[in-house]
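See below for the structure under consideration.
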Amino acid sequence: MSSTIQTAIVGVTGYAGAELARLLLHHPLLKGAPPIFAGRVNPEDAARGGVPLAEIHPQLAGHRVANLKLEPFSWDLFVSRGVDVLFLATPHEQSREWVPEALSHGIRVIDLSGAWRLTDAANRAVYNFDDDGTELAAEVQAQAVYGMPELHRAAIASARLVANPGCYATSVILALKPLVAAGLVDLDHGIVADSKSGVSGAGKAPTPKTHFMYAADNLSAYGVFTHRHTGELLEQIGVDKSQIVFTPHLLPIPRGILSTIYVHFHQPQTVAAISRVYHEFFASSPMVRLYDKALPQIQHSVHTSYADIGFQLAPDGRRAVIVSCLDNLLKGASSQAVQNLNVMQGWHEAEGLE
Amino acid sequence: MSSTIQTAIVGVTGYAGAELARLLLHHPLLKGAPPIFAGRVNPEDAARGGVPLAEIHPQLAGHRVANLKLEPFSWDLFVSRGVDVLFLATPHEQSREWVPEALSHGIRVIDLSGAWRLTDAANRAVYNFDDDGTELAAEVQAQAVYGMPELHRAAIASARLVANPGCYATSVILALKPLVAAGLVDLDHGIVADSKSGVSGAGKAPTPKTHFMYAADNLSAYGVFTHRHTGELLEQIGVDKSQIVFTPHLLPIPRGILSTIYVHFHQPQTVAAISRVYHEFFASSPMVRLYDKALPQIQHSVHTSYADIGFQLAPDGRRAVIVSCLDNLLKGASSQAVQNLNVMQGWHEAEGLE
Amino acid sequence: MSSTIQTAIVGVTGYAGAELARLLLHHPLLKGAPPIFAGRVNPEDAARGGVPLAEIHPQLAGHRVANLKLEPFSWDLFVSRGVDVLFLATPHEQSREWVPEALSHGIRVIDLSGAWRLTDAANRAVYNFDDDGTELAAEVQAQAVYGMPELHRAAIASARLVANPGCYATSVILALKPLVAAGLVDLDHGIVADSKSGVSGAGKAPTPKTHFMYAADNLSAYGVFTHRHTGELLEQIGVDKSQIVFTPHLLPIPRGILSTIYVHFHQPQTVAAISRVYHEFFASSPMVRLYDKALPQIQHSVHTSYADIGFQLAPDGRRAVIVSCLDNLLKGASSQAVQNLNVMQGWHEAEGLE
Amino acid sequence: MSSTIQTAIVGVTGYAGAELARLLLHHPLLKGAPPIFAGRVNPEDAARGGVPLAEIHPQLAGHRVANLKLEPFSWDLFVSRGVDVLFLATPHEQSREWVPEALSHGIRVIDLSGAWRLTDAANRAVYNFDDDGTELAAEVQAQAVYGMPELHRAAIASARLVANPGCYATSVILALKPLVAAGLVDLDHGIVADSKSGVSGAGKAPTPKTHFMYAADNLSAYGVFTHRHTGELLEQIGVDKSQIVFTPHLLPIPRGILSTIYVHFHQPQTVAAISRVYHEFFASSPMVRLYDKALPQIQHSVHTSYADIGFQLAPDGRRAVIVSCLDNLLKGASSQAVQNLNVMQGWHEAEGLE
């Protein structure tokens, strides 16, 4: 166990940023070293040393955060305060710009945006990055490790840049990877991933689609055949576009994702066999909970740092419905980022997450 | 019963406008004469004759509205098509401007905004109307009748301008007026009106407070001692500012208002006596439902055009809690507007509203 | 147009029953002949002639229902009052018992339960009907017509027993039937129907799963590979069990179903071709609304009597995602029952439903 | 700081019990000594040593609780395992019976029910306790301390029986006590406490009122002039029945209480003066957060152990609206119980609660 490190968060004003702040503030191995919060601060607030965290997120107010403030962003701030690991909970365009700078200052980065998750340029196209194709971008991308410890634990441990996975992607990849890796799934038969997410996944900006009157008492599908997380599915599961359909839906709840996933097997399977594949795959993964009897539900996953996975096998043994649940702000964003921090520091992977 | 008239709606894109459209389209005495919908239309849409109503409000789509469109607003449009009654479901600044013009074209108006509801300049101050104090404004205001048929039926019948009441105001005034008018309430003891409204009352603009993540799983008080509807309470109930406190709250539901109202009586009362006061006051009012046993709840009032009122008397007979419920988009806006139309036309007051 | 008929409802206390009452009370061709409401009534209430409808459903209270009551059930009641058509919104065991009796009294029946929907004994097995296999049951079943006018209009017109479809089944069948009937769908590739329903679909009985704390802020899959509506899908779409997976989910909303349906085509298709298939299939069906540009959402279908259908074609033209929405209490139950009544009476199919 | 103690919980299957389990499992000073869970266990489960906690509350599943079980209740269990403090999250009838037994076994008790909160027999009458008036009951009641550390810190520290306050009561008492104790409030003018609570406050039993269809999209007042928590208000604030009206409402959210409280002052006040009264009263109370600028909202209080209080003064300085928020399962139940444990043990009052 290494001695305490200094962390910093950019993007604490957002939903994932708030959860990240909460997790780092309560992390047992970061006691006495609260994160530095940096971002855009108007001149008036800058004059009083920044905006108190308790004003930004009243729910976090309390003795422990009494003196913490959102300070004006600058590299000097991070360098002078000796930041070891920087969390970026920023829009992807911002992360494209700041990650190279952070690395050049010798700061390790855990980036929660979609900026550096995709190795295949074709998959990245959907983001329309200005700098795609430049040498610098290629160099940075080459250093990026996809931050899903269950798949890339060793690489994360030594990574200088961790690209924290998308929320939908986490939920689908964890459910499918064990079965696909075991060679059980008939990919040509086609996989369906029908995902449903709470509204916090749509971000804090007030838009027609995040209006209460749009989301409440409603359900809507969107991004059919075009959602940005599709590339992560293809690269991490190892399938091509013709082999999977991914449909996200907007649920009338604040947080949580449930993915219902449909697969065909090459050969008839038994419940025991499928169960064994999952248990072996996740044997060393403390943040995945496998359901052996029931199916997971969103209510049991939200406000936890776990991904919950269960399945139901068809009587013919040839088809299965897999259900995967997580909190999009936690295992789908912030707690997975802390999990990555734990792995990078050689700490216990679940430290501060239970 | 008069022959069919031509109506028009400005502001159909909003929540109250959509309900108003639905009501007028199904009004038995407006069969064959659907309302004209007018508003801001971009050039492309103007070129195709306007925006189909079914694109604006997919829930209204169907045979009956197949050819209805939102057309570019102009006085010519209304004059050439012989509009008799114009409904304005527009922001109050807009209504301040358009109502005088409509009247000058000989068109009667039912205005759903707060523009012309208040006769006392001090109460109007909260709106900061540009034109307040001008001769024209004074002249128009003098013609305006507060559009609550339960209180002003006769005046509405001959009105050229009806100022449709605010949603909160409707809910509180209907509950209090009978008791105050009967002289039972000890005003110096102070009335409390604690109101809770669904999010549609906050309008369609996406703002931080209408974001699903702000409103859902939440309750918040706002506008304490300052809400704009206070003036309507004072003028219509006949109390002064020191005699009533009105506190609105934002409920995590799409529609509906429940007001919990607290009064002290001069003398101890019986349930029968209070009940009689209400029944007599509303004897000719088909859109008020009195609860004799239970208290009304939002679930039974929404999607209806009724105001529902019930009360509980303290064992000492000196205090009562009155509960008043309505649908803020219907009796709190659109159905009350149609009720006013019915009264203006000499039709049965509940026509098209059950 | 035939002259007015007398209807009766058993099961008005439930959610579908309440909607059915509302629809029949406002049906233009049933004016002056409100339905008779019959059911279990305790002796006290029987002594006062039954329970006022307005006490059972306060939202329905108003002038029009002032004298309507839930009366004690008996065949005498129906016979003496000349009931022509009986609506049963009762549990399926009850419908198994009462339908033969109603038919024997010469009363036509629209049964909203699952009692008589399935012609294949294997599919019916899931219900465990006591009387299955008896001669009487076989005779009654032989008369039953599956009450989906879009598929069986002619048979319904002359039916004495209409088995009103299940809510999930309606949503999936209407979306799939046109494509399957046109021979476009590669059934061996497997169809996925991922359906999500509001809580009213689970009925009025308070159970752990209908508790607010279970359903709110949650989503859960249930009945995977075993849901009772599966038999309706198989029989009406014309597929076998190995060709479709149907997964229902419980949504944290009061009403509405959205089904997301995944198909593979034998040959690459165009949007225009698929669209044409739907438009032709539903050319004479006023209660289906086809979405050509966007996808339907629950918010636009609830509180309407329509089924809304849209689709998105994959860039390869080989796969499509179809989205189907309806109100489970209306097109999924009560309004479909009224639609069947209209067809049985030779009235316009949409009468009283817009 | 004392050495670790052994705790036990009866009633872990309920909502408050689950939160209490979570808090005690993560309490820094109870590490290595998880609570004993005891209750009704069927014979089959007893045979396997009890029901795994992770089966009862899947959200709590994880490494830390892997071996924890709900064991069959018996006094032997508690005595043999050396239980120091017993938490009862049980119905009040159960607590009436078990508290005397626990005390006779030398076990200190924190009782979350309403069994021992009221010292005045008249106030207790609403509970209809079988044993009220017996010598034993009087003796036990005499030992009970009302478990609100902000009011009774010293007495709690040495208490053997702590009667943990009601959720509504906590929210209203904390808001009113400082002002009433300072003699500012004109009690004869009457206080109004209009409270709104999430559904978890209604308990886990499935009833018509906890059905999703009853609670969702609804708001209802209940228990007007009769709610059981009224006695706590009277005794703890020090007012009589004629001086306060308390109205609870059922909010369509899982958790959280917001109370809007209306007072008249004897003399005009300033914001600064009122603010000073609150800050002085709660100077040593870490679990109360005072809002100086805005008003608290439920969203910022839920999932925290704090009570949040703010106010708005009328322009005339004579009236104030106080808003008080808390999580009914935490500061309204479980975290207040842990706060009491901390005080009883001489630990820091906020230990394990931030």
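For reference, chains read A, B, C and D in written order, and residue numbers begin at 1 within each chain.
Just so it is clear, a contact is a pair of C-beta atoms (placed from the backbone, for glycine too) under 8 Å apart; a residue touches a chain by one contact, two chains touch by 3 or more.
None of the values given here were measured: they were computed from a predicted structure.
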Required steps from chain A to chain C (each step between touching chains, minimum): 1
Comparison of A-B and B-D (more C-beta pairs in contact): B-D
Centroid comparison with chain B (C-alpha atoms), farthest chain: A
Centroid spacing, where centroids are CA-atom means, of chain A and chain D in whole angstrom: 36
Whole-Å gap separating chain B and chain D, where each centre is the average of the chain's CA atoms: 41
Inter-chain centre distance, chain A versus chain B - centres from mean C-alpha coordinates, in Å: 46
Touching two or more other chains - residue numbers and ranges from chain A: 214, 216-217, 252-254, 297, 299
Chain D to chain C touching residues, read off their complex: 15, 199-200, 204, 206-208, 210-217, 252-254
Chain B - residues contacting chain D, complex: 189-190, 192, 194, 196, 214, 217-222, 224-225, 242, 245, 247, 249, 251-254, 256, 258, 260, 262, 264, 295, 297-299, 302, 312, 314-316, 318-319, 321, 323
In the complex, chain B residues that touch chain C: 26, 57-59, 61-64, 217, 286, 289, 291, 294, 296-297, 299-301, 303-304, 306, 308, 350, 354
